[in-house]
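Both of the next two complexes hold chain A, though its partner changes from chain B to chain C.
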Partner chain A sequence: MVELSFLSATGNKLPIKIGNVSATEVNATLHLVAPFHGKSTQAATVVKREMGLDWPGVHELKHRGKSYVLWFDHSHIAVMGEAPLAKLARVAAVTDVSDGWCIVDVYGSDVRDVLARLTPLDIREQHFKAGMTQRSMIMHMQASISCLEKSQFRLMVFRSMARTLLHDLTTAMESVAARAQKV
Partner chain B sequence: MRIAGKGLIDRDSVLNFTFNNKLYQGFEGDTLASALLANDQMLIGRSFKYHRPRGIMTAGSEEPNGLVTVQRGRTQEPNTRATVQQLYEGLVARPQNAWPSLKYDFLGINDLLSPFLAAGFYYKTFMWPKAFWERVYEPIIRRAAGLGELAEAYDHDLYEKAFAHCDVLVIGAGPSGLMAAITAARAGLDVILADESNRLGGRLLSEVEEVDGVTGRIWADAILVELARLSNVRIMTNTTVTGAYDQGTYGALERVAHHMHLSPEGLPLETFWRIAARKAVLCAGALERQIAFPNNDRPGIMTASAMRTYLNRYGVSPGQKIAIFGNNSDAHRTARDFVEAGVEVVAMIDCRQEVLAIGNYTVYAGAEVVGTSGRLGLKAVTIRHNGALKTIECDALGVSGGWNPSVHLTCHMNGRPVWNKDIASFVPQDGAVPGLSVAGAAAGEMSTTGALAQGYAMAQAIARDLGKRPKSFDLPLASEGPYEITPFWDVDGKGRAWLDFQNDVTTKDIKQAAQENFRSVEHMKRYTTQGMATDQGKNSNVNALAVLADATGRGIPETGTTTFRPPYIPVAMAALGAGGHAKGFAPERFLTSDAATQELKAPMIEAGLWYRPSYFPQLGETHWRQSCDREAKMVRKTVGICDVSTLGKIDIQGPDAAEFLDFLYINSVASLKVGKVRYGLMLREDGHVMDDGTCARLGEHYYLITTTTAAAGQVMRHMDFVHQALRSDLDVSFTSVTEHWAQFAVAGPAARDLLNGILTHTITDKTFPFMGCGAVQVGGVDGRLFRISFSGEHAYELAVPAGYGDSLFRLLLDQAAGMGGGPYGMEALNVLRIEKGFITHAEIDGRTTAFDIGMAQMISDKKDCIGKTMAARPGLIGPERDQLVGLKPVDAIKKIIPGAHLFETGAEPIRQNDQGYVTSMCYSPTIKSFIAQAFLRDGRNRIGQTIKMVEHLSGVSTLCEVCDPVFFDPEGGRLRG
Partner chain C sequence: MRIECPLCGSRDRREFYYAGHASALERPDPAASAEIWDNYLHIRENLAGVTNDLWHHETGCGAWLVVTRDTVSHAVLLARLAKRDKK
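Take a look at the complex of A and B:
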């Protein structure tokens, strides 16, 4: 009997903390869900009944415990964590992309300053609040960026670009930390 | 010299610095310019063309003369303006454009030759003899050209880019900017206040005047304290807004670490900001202009306002005997301030007839400066007063020709400023940049009271515009400061009068340009180079066009200005391209097998953004061909493992998935059975091949298609377009799963045996026939197996979730090693597919059709598909097309070169005789010959003929036999197992 071992997208290079910003990797199941024609209500009912969450509107992220649903693109939402996949698959295209994304949570009081060096999004508190999710760029990479709490964001890029994400993220974190030391 | 009791410097904090290899001392709060002036170092550099001795002329970023090279560790930064370089302990600066020394500069000889070096001389002089251009003139010019030198070493400095957003961007923190910022902030707007100085207050720091009953500096500090306390305000010091762009976006350069000897690890030298603002207020103030009089460029001659800045902000007098020359009331403030500071003011020379002194100094009304003396520093000025010449000894002369509002940003979207004759200056045009309003001196409002009122009014209007209800409050009282000016641009007299100090353009040059019919201001600029130096004409544009207007008999408004373009100040390319060097250039995509591949020391090649192994060298192999040949033979003989995860994988689901795919592919997908895979081809709308790949039917309404590595994104985009724009009626959904699955080719006669050693359930030819697919388990992990082959061998592709990719790859290698197999890289993969006549994007390069590659028969006549009609166009099918063929050299050791062109054997190898081209080539260890794929005119009908390959770059010519593109196992017996 052969055995396969699991390796996270970053290759266990996280967590790191630079200045007052930390980054940790999130390993969670991730499925993209796109309701079939005329099945949006049923799909939303499944999510509500089984997960206790409303179907996320554009730029919305909702969560309960470690289960998240978030808007992902014009046709998909993403479901992270425990989810009623079989029931959803009756009314929607459900695709497992758990290993396809490098998911990193960044948090700390200067986290928005770090993000200001990585993404053109308006990351001011009143414009990117907890419960919001957006698709944009992290440097050259297309990304999903969500605000989990006032000072905590979830970044997602393609798994193959994990090293580039870590490079770009640490460069920005070092810059922000260095500014705090600047006299 | 320092003036006791004056300035905002910290005299308790002494800073040592070096200029021109000499040690000096300054204070915290100094700029390099103020510290040099305090040390009576008037000579700072040499001018660009004539190498004239030059000193500090201004106190801001517009400085044309005081350019130095700052040395920082291994790097050096040329053309640093001494006027904006904050002093720090250990600063090392040196003059530039002078050899062998600043005092005795060899190229000062240019000044003596100036009669021969007037504007446009190079256009005339270097025309003959023609042969001299490359051998004589150009080398000399190149040696003389350029200002400052780079370190010519790797730049270790960090630069970064960043984004900021706000309701209101206030540009400039003088009286109008501070007022606009505090008004907007009090109204609850999100404010960014950016100023290029390290200390905010603008002219309030340079002037002796009261605001709200206290000195301007104290008022400014109080406003700043309030601003700093507000969470909706961001203050950006050392930040110059460099450009105004579409949609309320502004570029801004922040000098982060230029004032630090040692900066914390990771701190960038500069940050280039993109600021997105709903509204902006330009409060950039105004720049004082010169008057062109003979020899007006000597060290010691500066703007009158700069003199006040050095006195009032830095506690420095640029001389012991001060003279001032002006045409406006503002110049008198300099005389007044220096007298009050106890410095001797020897003359206030005012070209206006009716002048009132505002202090105890001698006024020469209706006078003008007609000459100066002093080789390395001003010694005296000669004035014409009441018809007589008079020489006045002085070592510093402040000049004020009036103020030019800083209209630059308002012109960055092609707006043109308008002439305001009351202040003899250009002022911004309303609405020149959408969302940008202008207040204070930048708008032509020269009094402090007016500036405060405008800043307030603009911010109030913006607040209302953005839905706020701002409370009104009383404006602080300030000086009315009437600004009276009589336009006066240049003085007639013997000797050259400088306009553009940096590029050495004189009034004579402008007049000559006009004389030679370069009457347009844009032509004059290019002919004389006026305004083309790093100060971009901030100090000379208006004066130059006034002189041009006079020379061409037109008014200033009719003459117009040149075009103001971003950036407002020089910006390092490193800042503009920040984050884009080294690892920041582009994302790197790594396979899950990357670590194991690196351990095997495989050289990597970049394919798209992916890093893929080229080959896996073994002990004793010294050339890639040895490894490649071995790997290709290994696959044909036993089994090889190759990571093919980079191929695009798209998951397609929905009741209409089959109909959707039928519309995309030229061949039928609907007829594909569950558990089977089919090769497919997609066309573009224009009928040319877009991509090829496989389509696997995983369920009744569930497909997985693969794309080539290069076209993965393109195919996904194409599918989105087709679904959204052409067939939105189809109930289908698709998702990229390229990154989710790590997929490995297991190819070779022993492939099935290998797999049966690791799969939970044994596979057979029956359960997994050729072009079959299905779910499998390996090591308890759910995977997918596809019996497809890109090598022509009995082969599979095994996919598992990417988290298990590294582990599976190592497992496959272990298994293969025990069977005499191993990994193979891109080189061997290429050999195997060329032997089999399989295509890649070398063949489907965007210009070829299904007909060209011999797949026209795949276009189903039972259905429509994208590109079908267009592919049938005349000209895209028929014997006139270049068609895919195989090539073999007649002499087996002769080379075939990709990119080479094909000609009839007896034809001259010229363009007109072109018969096609080679797309791919390899040495086949199986065929034991070089083999190639090529497109040949009517190729399929020419199999068996001999054709000549000519590679013009290397001159290689090879006779080739035209073959069927399938060299190996044409019946496909091996891949069917």
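Take a look at the complex of A and C:
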């Protein structure tokens, strides 16, 4: 198959840093995996054997190096980075959605304050820990929000909404930074 | 208003889409009479009290839920995955 080159969803507007929060775009392949009826165990075995990772339960995100598996919705997990696609495809429906999503990492000590302005999720540390992933909204957009580390989150929205994400994210980052200056 | 999604936990109403009474899950046999189909498609009870509705967790896990709520007190009593109820 033709190898397509990465084209920035945000139009190369990232990275940015406002206050103490930074945002960078992530260039990663993304596949959705839905096990065929009755094949959940086999799909989990492939992920375990080939990637060395346990099948993610609800709200779980696991990674080894730059390969991630994360719970994605009631019937899918997502695989980010290198994945045993041919073997998975024998027991699951595998869909390449790399060009369908915009992936942005945000990090910095005020990152939770920024996210609190964007999503109805409870973003406090005791409720949204590292290794957790949740589906919710970023403003009006359907999003996947994962906590990679205490002060680092991975945000995903539909690629067609990348500029809206950038706008909403920048506005929230500016607001948090402005308040920090006044206090 | 918040709904306790069986997968995602307590979530804001904005994440959900309302899709009518849960009687939609009780689809009649294709060979059933016109009257039964008419009832299934068009006739709804308008209860004052506990009712079951279908909600879609649209911006969350994408699951269809049967939400039990009280139309008098507006209390949301229970939410469960609709696929468990599907016949």
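Keep this in mind: the second predicted complex is superposed on the first by the 176 of 183 C-alpha atoms of A that agree within 3 Å, B and C clash if a C-alpha of one lies under 4 Å from a C-alpha of the other, contacts with A are read in each partner's own complex, and residues count from 1 in each chain.
One rule holds for everything that comes next: a residue touches a chain if its C-beta (ideal position, glycine included) is under 8 Å from a C-beta of that chain, and two chains touch if they have at least 3 such contacts.
As the structure is a prediction and not an experimental result, all values here were calculated from the model.
In the superposition on chain A, A:Pro120 contacts both chain B and chain C.
Judged by the touch definition given at the top, the superposed model places A:Lys87 against neither chain B nor chain C.
With both structures placed on the common chain, the touch criterion links A:Val58 to chain C but leaves chain B unconnected.
With both structures placed on the common chain, the touch criterion links A:Lys150 to neither chain B nor chain C.
Once the two complexes are overlaid on the shared chain, A:Lys13 sits clear of chain B and of chain C alike.
Between chain B and chain C, more residues of chain A are touched by B.
Once both structures are placed on chain A, chain A residues 75, 120, 141 are touched by chain B and, in the other complex, by chain C.
On chain C, the positions that touch chain A within their shared complex are 7-8, 11-12, 14-15, 57-63, 81.
Within the complex, the chain B residues that touch chain A are 158, 160-165, 190, 256-257, 260, 263-268, 274, 276, 579, 583-584, 586-592, 595, 609-610, 651, 653-655, 731, 733-742, 758, 778-781, 800-808, 811. Within the complex formed with chain C, the residues of chain A that make contact are 58-59, 73-75, 120, 134-137, 141-143. Residues 1-9, 11, 27, 32, 34, 36-37, 75-76, 92-101, 116-117, 119-124, 126-127, 139-141, 158-164, 167-168, 171-172, 174-175, 177-179, 181-183 of chain A touch chain B in their complex.
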